[in-house]
Structures are given as structure tokens and as C-alpha cells.
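The two complexes that follow have chain A in common; it is paired with chain B in the first and with chain C in the second.
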Partner chain A sequence: MSDSLLATVFVAILGGALRVSTPFMFVALGECLTEKSGRVNLGLEGTLVMGAMSAYAVSYHSGSPWLGVLAAGCAGAALGSIHGFVCKLPRVNDIAFGIAMMLLGTGLAFFFGKAYIQPTAPRLDSISLGAWTGNAKLTSALQIHPLLLIGIVVAIIMYWAFANTRWGLLVRMSGDSAASARAMGVSVDLVRFLATAAGGFLAGVGGAFLSLYYPGSWNQGLSSGQGLMAVALVIFARWNPLRCVAAAFLFGATGAIGPALQSVGVTQGYYFFNAAPYILTLLIMVGSAGSKNASRDAPGELSITK
Partner chain B sequence: MQEAAQAIVPAPVAKEGAEEFWLRLRKDSEFIAIPLIALCGAAFLFSLFLLAIGKNPITFFELVYRGGFGTAFSLQNTLQRSAPLILTALAVAIPARIGMVMIGGEGALVIGGFVSAAVAIPMLERVPPMLALIIMAIMGMLAGAVWVGFAGFLRYSRGVNETISTLLMTYIGIAIMNFFVEGALRDLTNPNKPSTKPIGDAYMVGKIPGTDVHWGLAAGIIIAIALHILMTRTTFGFAARITGGNPRAALAQGLPVGKLILACTAIAGACAGLAGFYEVAAIQGRANASLAAGYGFTGILVAFLARHNPIAVIFVAILFGGLVASGGLIQRRMDLPDATVLVLQGLIFLVLLTSETLYGRFAIFKGKSAGDRT
Partner chain C sequence: MSDFRISRRGFVHGASALGAAGLLGSTSNRALAAGVTIGIVYVGPRDDFGWNQAHSMAIKALKALPGIKAVEEENVAETDACAKAMESMVNLDGANIVLGTSFGYFTPFMVDLAKKYPKVEFRHAAPLWDASKHPKNLGSYFGYLNQAHYVDGVAAGLSTKSNKLGFVAAKPISSVLSNINSFLLGARKVNPNATVQVIFTGDWSLPVREAEATNALVDAGCDVITCHVDGPKVVIETAEKRGVKTCGHNASQAPLAPKGFITGAEYKWETIYKIYADKLAKGEPLPNMLAGGYDTDMVMNTPFGAGATEEARKAGAAAIADLKAKKPIYTGMLKDNKGKLVIDKSYDNYDPYLDQMNYLLEGVVGSIT
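Let's look at the complex of A and B:
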């Protein structure tokens, strides 16, 4: 009895991790790209919510959820462009500006999203990976979404591109030593602007996953700090896209503990498990912030680790 | 001949003093003028936003004035709301002086309010109200101080980024309150909204005589003035500002940077915790989810707009108190969603931070000796 209960919880956590991790992954990859170029965008929480709203609205009006995903990316890129454009001005603090973008992104999303709380928009379909197991619970846990696979592919491409392409080198150089990038005739501001806009695009797509797949509806409590946690997660992943994916799975699993226990009737400490991802993030930050590895891998121009 | 005339007339000395004064005034006015320009810029952008969605911006600003400042009733409502804003803004402004961007006011407010409500429950009908309120206030401030001070400790000892950690702790704080309010401390006689037991009218903080505004406003103003004196007129404030300006220089001077950071963050947390106490003991009467009403987030904006000056915080908080207070009226009259105020706040914040780039660019604020400006 307790064995099967444990198995149920485990399967539920696995399924939850596969579902919950995707938005973390996209936001973390976006922030990873931005931070590699030497700038911090704390506003990705707002971008995530804005992306979720735009995706839902466009999917509702057009009937095509993939168009919604694209719209979410564009909304995110727009917010990222504002951040990228303003933060290149002298004396503008990118951390404080990120807080402002968080407020504005959430505000705009709630403002325009009010009309979309009731209607149901077409959602994204998933692909089943678990049919071979012959186990109903495992099958439903292994329902994964193409965006998850896209996220992993993006991570691999980013990892490869940082190491092997001219673009990757430009981004890394702007992040590690703006002075040497300028000496080579690279426009650091332009590189950072593009990296912030592209990072916003990825975060917006993460938002589309929230509203169009899991939990799969639009409301004001859709994201509670996922965007922010993803930003913290990049430090833990030490600015490595592949580690970002692994960290996103870890976070997804932590976030899934509460609902998984609830599904087998354990309601005690529900709020504790709700808070678990935040506490885990904090612990991870404590563990990784002061470590030598983190400071070695950090982009040299980053204001967040100084 | 000319030399002799100059020797006789000592006037130039006095004139120079006056010139110096005007120059200083000119330079200082930059810190008022640029935020004002930013406010106007944000109002302009917001008007465009309203026009784009087919609403009349003039009606909007008229309603803000009427709902926030127009009548005695609305003015008192505004002041009522500016009390927590002063305190949560101080919770951002004081750490900012030491160079930290701490935005955990909302969490410290919730924790402070919850703790003061929780300690009140066993004291009801046993301890005289005055004493109970003092204990509640102290416990609320203590809880807030520990809460934000912890983030300060993490920053100094482990280098954990304080902006992210304080915001994460806000989510944790709200979860802790929900855990108790929906569990061990839930008032089972109230089926509507999970809350702690009400503290009862006898134990509520009173109003300032002749007004409908609770004492939290007076407390906020007094604390703001006291903190201004602390930061500008004492060795502690001087050391804190040096640390904010250049932490390495402060360390090299042998200043106790760690203790300064702990003290500043604890003061910040105590302010936000006190705001939570007043929300519980003067407005809500109990701790529940209404504590997380966004005062902590608006306080961030207030502090930045006031350029982290505690005296300026008072006035900016009253301005934003009016904006928050008029939210309901705007929602009803103009059929706008409640997030409108959030959009406006976000825009103001955005334009304000962008305006930082304007400092030192206008000759009008510089005077003749522009070169020696620090």
C-alpha cells in the first residue's frame, strides 16, 4: 500500500516536473543570454505574465495557439527592447529598471487581460511519450509538450553557439570585458540590446506555455514569482544553458511536490510545499552566491554578482 | 583709484555669499526638477495610453484629484493610505543609502502585521489595550527587522543578491501567513475569508483627534524625520552613506560595514513591520490576505521618486496615497480595470529611472562654476 502510494507520488512529481519546468527553462535561457552579454533583466517576471496574457488573447481571437506563442514571444521581445534600449543610457540602473519593468509588465497584462479571464482559448496539444509503459498514470505523467523539447533544443544551440560561433563570442565578450569588445570595434550596446530583446522573446514564450498548456488558463495569479526564480536559477546554473535546463527540472520537481502530495490526500503543510520553490531558490542562492565556481563563471561586467 | 574703491567697499564678500547660495539652490533644484519632469513625462505617456484605448485622460486626472484630494473625506482617505506608504518607502530608502536595492517591504509588512495580530490573540481581555498595542507594535517591528535584516545578513556574509532575495522572501512571508491563517490560527467563526481572530474594537489604534486618520500617519512622519536626522546628522548616517558611496573605501577606513548593513536593513524591516502593525491594528482588525495589498511595491516607487530622502518620502507618499485612494472611483466612473493604477505606477517608475540619465546635462542647474561639480 505505502509502496504504491510512494510510486503515485513519485509519478506525480515526475509528471509535474515535466510540466512545470518549461516556463522556468525558457525564462532561465532568456536571462542566461541577457546576462552573458553583461546585463541583468530582473523584469522577466513581468515579461512572463505579459507573454501569458498575449498568448491567450491571440489564441482566443485567431483560434491558433501557435500564433499565440509567437505573439507572446513578440510581446516579450518588445518589453526586452525597452529594457535594452533604456539601460544603455548612462546612469540608468539596470536592476531598478528591471523592477519597474516587472511592475509595468504585470500591470499591462492585468489591464488587457481582464477581458480574457472568462473565455476559453484553444490550447496547445501535447505529445505522448508514455504509451509504451502500459500504465495509465505514467502515460499521463509523460504527456509532454513540444515546447519542452524546443526549450531543450534552444539550450543545446545556445551552448554550442556560445562556444563556436562569432555571435556567441560577441555576446560573451560584451559580457566579460566591454572594453576589449569596444577595442575590437564591437558595439557593446547593440549586442546587449539584441541579447535583452532575444531574452525577452524566450521569456514571453515561457509565458505562453503557462496560459496555453499548464495550468492552461489565464488569470492574475498565473505566475507567482516563476520569472524571478528563473533569474536566480541562472546564477545557480552558472550561466551555462545546459545547466539551466537541469536546474529548471529541479525547480519543476520542487514545485510539483505540493500538488503531488495533495493528490494522494496529504494536505498537511500545503502552504509549506507551496513555498518550497522559493525557499529552495533562497538556499541555492546562499549556497552558490559565495562559491568560487560561481564567481569564476560569472560574466565580468555583470552588476548582479558584484 | 579702482583698487582703493574696492578696498573701501566690503560688499563683494556678502554678494559672493548670496551668489553661492543661489548656485547651491540651482544645483539642488535639479533633484526636484528632474523627478517633476519625469512625473509629467509619465503623465503624458499615460494620457497617450488612455487616448489609444479610447478614454479621456482629462477625466482621469480630474478623478484622481477628486478621489484623492478634492474633498475632506477623500483627503483623509488619502492620508490613511499614505501612512503605510511612508513606512514601506522608508524600508527601501534607508538600505538604498547604504547602496542596497531592497524591495522586500511587502513581505516585511505582511510578516509584521501577522506577528502583531498573532501576539494580540492571547493578550485580549487580559492585558490593558494600551500595553497590548505597544507589545504588538514592538513585536511587529521586531519581526520585520529580523525578516529584512536576514536578507542584509545574507548579502554581507554570503554575497547573496539582496534584490532577488528580498523579493523571494516576500513570497515566503505571504505563504507563512497563509499557512497560519488558514490553519492553526484561523478564526473558525468567520466563514468568509480565512483570517485570524479579530482583535476587537477596544484593542484598535485610535484616530488622530479631529480627523478620520489613524495614528500610523503621525508615526510615519515622526519616523521619517527621525531617520532623516539619523542619516544626515549622526556618525552612523555618515558611515552608512560612505559605505553606500564606496564599500571598499569604507572597509579600508575600518568602518564596521557588516554591522552598518545589518542596522540599516533592520531599520528598514522595522519600518515595514510597523506598517503591517498599523494595517492590522488600525484598519483590518485581523491578519488576512488583505495585508498583501501592494503597499510594499508602491513604496519602492515612492522611495525612488523621493530620491531616498526620508523627508521627501512623506510628500511623495501622500501624492501616491491619493493615487491609490482614487483607484476605486476611477474604476467605477471610467470603467477601467483595477490594474490601471498599476500601469500608471509602472510607467512613472520607468520614466523616472530613465530620467536619471538627465542629471548633469542641463546648463541651467549648473551656474558658472560648472566645472567643479562633484
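Let's look at the complex of A and C:
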């Protein structure tokens, strides 16, 4: 492979990372917040799809894509609230209920989204960061969307807040030791309810990115499992918001390898390259699972680790 | 089907409507008025800008004819669900014919249903019916869409500036490969320097990867993009956003690309469904295998859009005329892109040899493994 081809692949991977990673990032951050409080919400795949549909529908009717983003967040928060409310009832298994919520979310989105497959809604605009390079490929790769930046900012705030604020402490305490939290007079159920609703909000916003920016249309196959993958990324990122961002970027970048290599004529073995994100994730998981830190990072109250 | 009773009013109504439309022979008109119920099952939404929409447009056109009732069900999975949907169409709606439009509906579901309901006709949209294995009231129909992709290629070959055409494909199966190769041959016919670059996404509906593939092709210098995936919406819209031209697939995507749309390969299921409805109404046996291309009016091209140059329109129209006159697309000698001779003579457009296609022709950048 010559240098220019290598450069093309590199630019394509960079572009892919910037384009594809945002929904993963938002869902992963949402799940990170929820899991930090001691609850698992597997329903975020449904929330993502519901968010995508609501964003598209609201953008279509109101003419304002940003209103669509807000609507997606609210739809996500609503689904998150249902999960948060039901899971605090006695003897409810959050994993099982999360799967039910996933089916509910996708089902509702398909039902209400029927009317929005055909119409074209106003989409979100991007910011061009690459114009200074004077290189068409770089310019197009560096088209990024404000939501990506917002996602990074949210991650930094979450990281800081977990470590330095009373709210962050409450969330962590509810997640690590519900008994201590109760001893301090904290309503663990309320904390978890709020964390699940807020997590749903973030996942819904991730959905808005899918339908209003990239790939930028509403159809029923839109998510194809990205929400589920993002939930897995949280474990991979060991419940650290900053690592969630890194994991989302890594996942987006490796996902771009397949198409990028085929576009420069490396056409053999595309099934393998298309599987690259999953293979890489598995390898890193295997590599890091042995370390003592991995189990220490997991919130103690999670039903999957308890 | 012996108890058709036709009122004079119904006859006149049907005859005049159809006669005016000039769609069917006059003998068929009176029977159509007597009523045929068509049941059709889709695997996805009816308005997906793709495969399902192409079928649903045909049904919509059919419904407008007198005496034809259609019952539709969408989003039916390739599981027991499709058998239930079809059975209820037979029992509750009295369907005379049930059309299954997704590959996985055939075995075992439609085969079993055809055995269970011998008086109802079942037809499936893929060439799977086998006279030695399957009941006589079951059958297959399909269109040779590669002929329309050939016309796409001709128009694309004259609309490109970089001579690099891009193709986003789902899976390397023979019908997809045939569309890619025909697209190339069309482009090469008018523009010997044209190449087609293929990216396989690996599955029928992966919107994010389809968008990525489209971006990668544009980054590699392709200025016309087409595709063979279930719902081409994402590919066409992404390409339009990047400012390149597009050719469609399955149904009309013209509204999605007001600036760059050239033309698109579309099925014309309407022709096939009308033949079924007509024969059913007359009580004639239905053909078990019904397939064709331009010469039997079973495929078509979307009307040319803003992306098509004047030359492209002319050459595209000429190519359509050639195909209607059954002029072959695959004429030797042609090598595959690994250098092996694969087309050693002129093959008829319906030659079974071409159905076995498992190669990409020289001029296609891509690999099937």
C-alpha cells in the first residue's frame, strides 16, 4: 500500500470515528451514569431507537432539528423513568425488565414512526473543522457535529462530578453500597430513579444524532444493535466516563476500517474487517479482565456483579 | 372458480375502465369485475424507498382497478409469523392468491400452506419453485433487475467526470453480482475508461455502514454512487449530501436527491400482478414461473433526474430500446477481475449460465470474499 493510499485509509478511519462514535458515546455515558447508581438498564437500545424516531418526527413537524434533539432526550427520559420506577418495586429484576423496555422502546418507535419513513425532516448542520487544511478529504472527514463536542463535555463533567461533588458521591454510594447510603439518610431509590431517567435522556439524544445527522434518516433498521453494543462498552470502559468516550471513538474508528480498506482496493476479507470492532473489543476485554482494577471499578450493587 | 356472476353494470364499468387504461386485453375485462382478492405480505415497511415499496406501489396500482381487492400486511418476520399472516388472509379475507415477497417465506411456510390450501394460489418473489418438489398451486416470480442496472450504467458512464463509479452492495450473491457487472457493462459501453468500485457491507440493512461505505467511495474519488441494499435511502441521501450523483435501486429514490439523481433500476411488479389477477379472474391456471425484464415490461428505470446529462438521457433511452429488442448485455470475450475468461460468447439475457454468476468482471474494483 502506497503512502497516499495509507493516508486515505487513515483519513477515512478518522472521519469514521468522528461520524459514527457519537451515538455510542451518548448511550454509553447514559448507561455509565445509571450503572454507577447501581442499576443496569439494558433497554437503552429501545431508548436509542425511540429517541431517533421522536427527534425525526418533532424536527419534521416543528422545522427545528434542535427541538427534535430535546424531544428525543425527553422521550428517552420518559422511558428511563419507567425503568427507574418499576425497578424500585420489590423483586423486580432490572436485567429482565430492561430487555422488556428494549422491546417496548423499539416497538413504540416502529409504531409511531410509520408515518415518518417517507417525509424528509430538517437535519442538523455540522461544523467544519478541516477547512484550513485545504484538503477535500480531510475537510469532509473533519465535518463534526456539535453533539459530539457536547458528548465530550458531558463526559468530562460526569468524570469531575463523580469525584468532586456531593451529587456524584451520592450516585457512587448508591451504586457501591446501598446500605451505607441508607445509613446516611439518602433515598437510594430516588437516586437510582433520577440516574436512570438522566441516562435515558442521554441515550435519547444519541438517537437524535442517528436520525438527524448521521446517517440522517429515520428507518426501522437505523440502530441495528448500536444501543446494545454501547451498553457493553460501559463494562469495557470500566464505568469511567472518559474511557466511555475513548471506547466510543475506538469503536467508531475500527468500524470504518472495513469500508475504508475496500474503497482503496483492499477488497479481500471484508467480512473480517467488518468484524474488527467486535474482535478488538473482545481482545481488550480479555486482556484487561485479568487485572485486579477491573473488578474493583465495578459498582458493588450491580445485579450483574453482585 | 366457476361461480363468477357478473352484473351488466359491473361488466360495463370494468370494461370501460380497463379499456380506457389500455392495460389488458379486452377478453379479460369482464372477469376482473367479478372480484379477485390478493393477499400480500411484506418483510419490512411498505414505504421503505426500496424493495417493499416497489411491491406496494404495484399493489396500489392494482387496487385502483375494479374488482380487485388487496389485503396487505407489513413488517412480517420470516418466521411462523408469515404463515399466520398468510393463513388469516386465506381464511378471513378469502384471498384467491397470496404473494410472499421475502426470500425466507418460501420454505417451509409457503410450501406447507400451499399443501394445506390446494385451492388457493401462492406465489413467491424469488426463483425458488421446483416442479419436482413443490405443489402446483405454488410458484415463483421475479424480475431481471440487472437490465435496468445496465441502463443505469449507461447513464452513469456519461454523467461521471472522474470515470469512477461507486457501488454499495449488501452481499456477494449472484443477483447482486449480476447487477454490479451489468452496471459496469452499461458504463463501459459508452465510456471505456469507466470503472466500478464496490464496497460490500455484509448485510441487507445496515444504515450506518451503508453511510460509511458511501462516504468511503466518495473519498476514493467516485462521483456516481449506486447500490444494492434493501433500503437505498441512506446511500442516496448521503451521496447527495456529499454532492455526488446517484443511481437508484428497487423503487424510485428521485425525491431524495433533487440535485444528483440520474436514474434508477426499478421493478415493475405491476405487470406480473396484473397477469395473476387477470388469469385468476378468468379461471385460467397461473404460470408457476413468471420472470422477465425489459422485453416483457417487468423492470423499468426511474425517469431521468437533474444529475443526468443530455447525452446520458439519449444513450439511456437507446439502451432501453436495445433491451426491449432483447439485445444481449453479456457478449464475449469478457474476463473477470482476476483475469479468468468468464464470458466466451454472446449470452441471451435470460441464459441460465448468467444466473450462476459468481465473479466480478474486469473493470470492477472489489472482491467477493
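Simple rule for what comes next: the second predicted complex is superposed on the first by the 274 of 306 C-alpha atoms of A that agree within 3 Å, B and C clash if a C-alpha of one lies under 4 Å from a C-alpha of the other, contacts with A are read in each partner's own complex, and residues count from 1 in each chain.
Operating definition for what follows: a contact is a pair of C-beta atoms (placed from the backbone, for glycine too) under 8 Å apart; a residue touches a chain by one contact, two chains touch by 3 or more.
A quick note: this is a predicted structure, and the numbers were derived from the prediction, not measured.
Asks: A:S224 in the overlay: touching chain B, chain C, both, or neither? Say first, second, both or neither.
Replies: Touch partners of A:S224: chain B and chain C.
Asks: On the A-aligned overlay, A:F110 touches which partner chain: chain B = first, chain C = second, or both, or neither?
Replies: both
Asks: Examine A:A246 and indicate which partner it touches, taking first as chain B and second as chain C; both and neither are also allowed.
Replies: neither
Asks: Answer with first, second, both or neither: which of chain B and chain C does A:Y271 touch in the superposed model?
Replies: After superposing on A, A:Y271 lies in contact with both chain B and chain C.
Asks: Could you tell me if A:Y214 is touching chain B, chain C, both of them or neither one (first, second, both, neither)?
Replies: second
Asks: I'd like to know which partner A:S140 touches here: chain B for first, chain C for second, both or neither.
Replies: Touch partner of A:S140: chain C, not chain B.
Asks: Could you tell me if A:T8 is touching chain B, chain C, both of them or neither one (first, second, both, neither)?
Replies: Touch partner of A:T8: chain C, not chain B.
Asks: Go through the superposed model and pick first if A:L89 touches only chain B, second if only chain C, both, or neither.
Replies: first
Asks: Once the structures are superposed on A, label A:A232 by its partner contacts, choosing first (chain B), second (chain C), both or neither.
Replies: After superposition on chain A, A:A232 lies in contact with chain B alone.
Asks: Is there a shared patch on chain A that both chain B and chain C touch, and which residues make it up?
Replies: 110, 114, 224, 269, 271, 274
Asks: Show which residues of chain B lie in contact with chain A when the two form their complex.
Replies: By the definition above, chain B touches chain A via 101, 103, 154, 157-161, 163-165, 167-169, 171-172, 175-176, 178-179, 182-183, 297, 300-301, 304, 337-340, 342-347, 349-350, 352-354, 356-357, 359.
Asks: If we count contacts the way the header does, which residues on chain A are in touch with chain C in the complex?
Replies: 8, 11-12, 15-16, 19-20, 110, 114, 117-118, 120, 137, 140-141, 210, 214-217, 219-222, 224, 226, 255-256, 258-260, 262-265, 267-271, 274
Asks: Would you tell me which residues of chain C are touching chain A in their complex?
Replies: That would be residues 44-45, 47-49, 75, 197-202, 205-213, 215-220, 230-231, 233-234, 237-238, 241-242, 255-256, 365-367, 369 of chain C.
Asks: What residues on chain A touch chain B, complex-wise?
Replies: Residues 42, 82, 86, 89-93, 95-97, 99-101, 103-111, 114, 224-225, 228-229, 231-232, 235, 269, 271-272, 274-275, 278-279, 281-282, 285-286, 289-290, 304-305 of chain A touch chain B in their complex.
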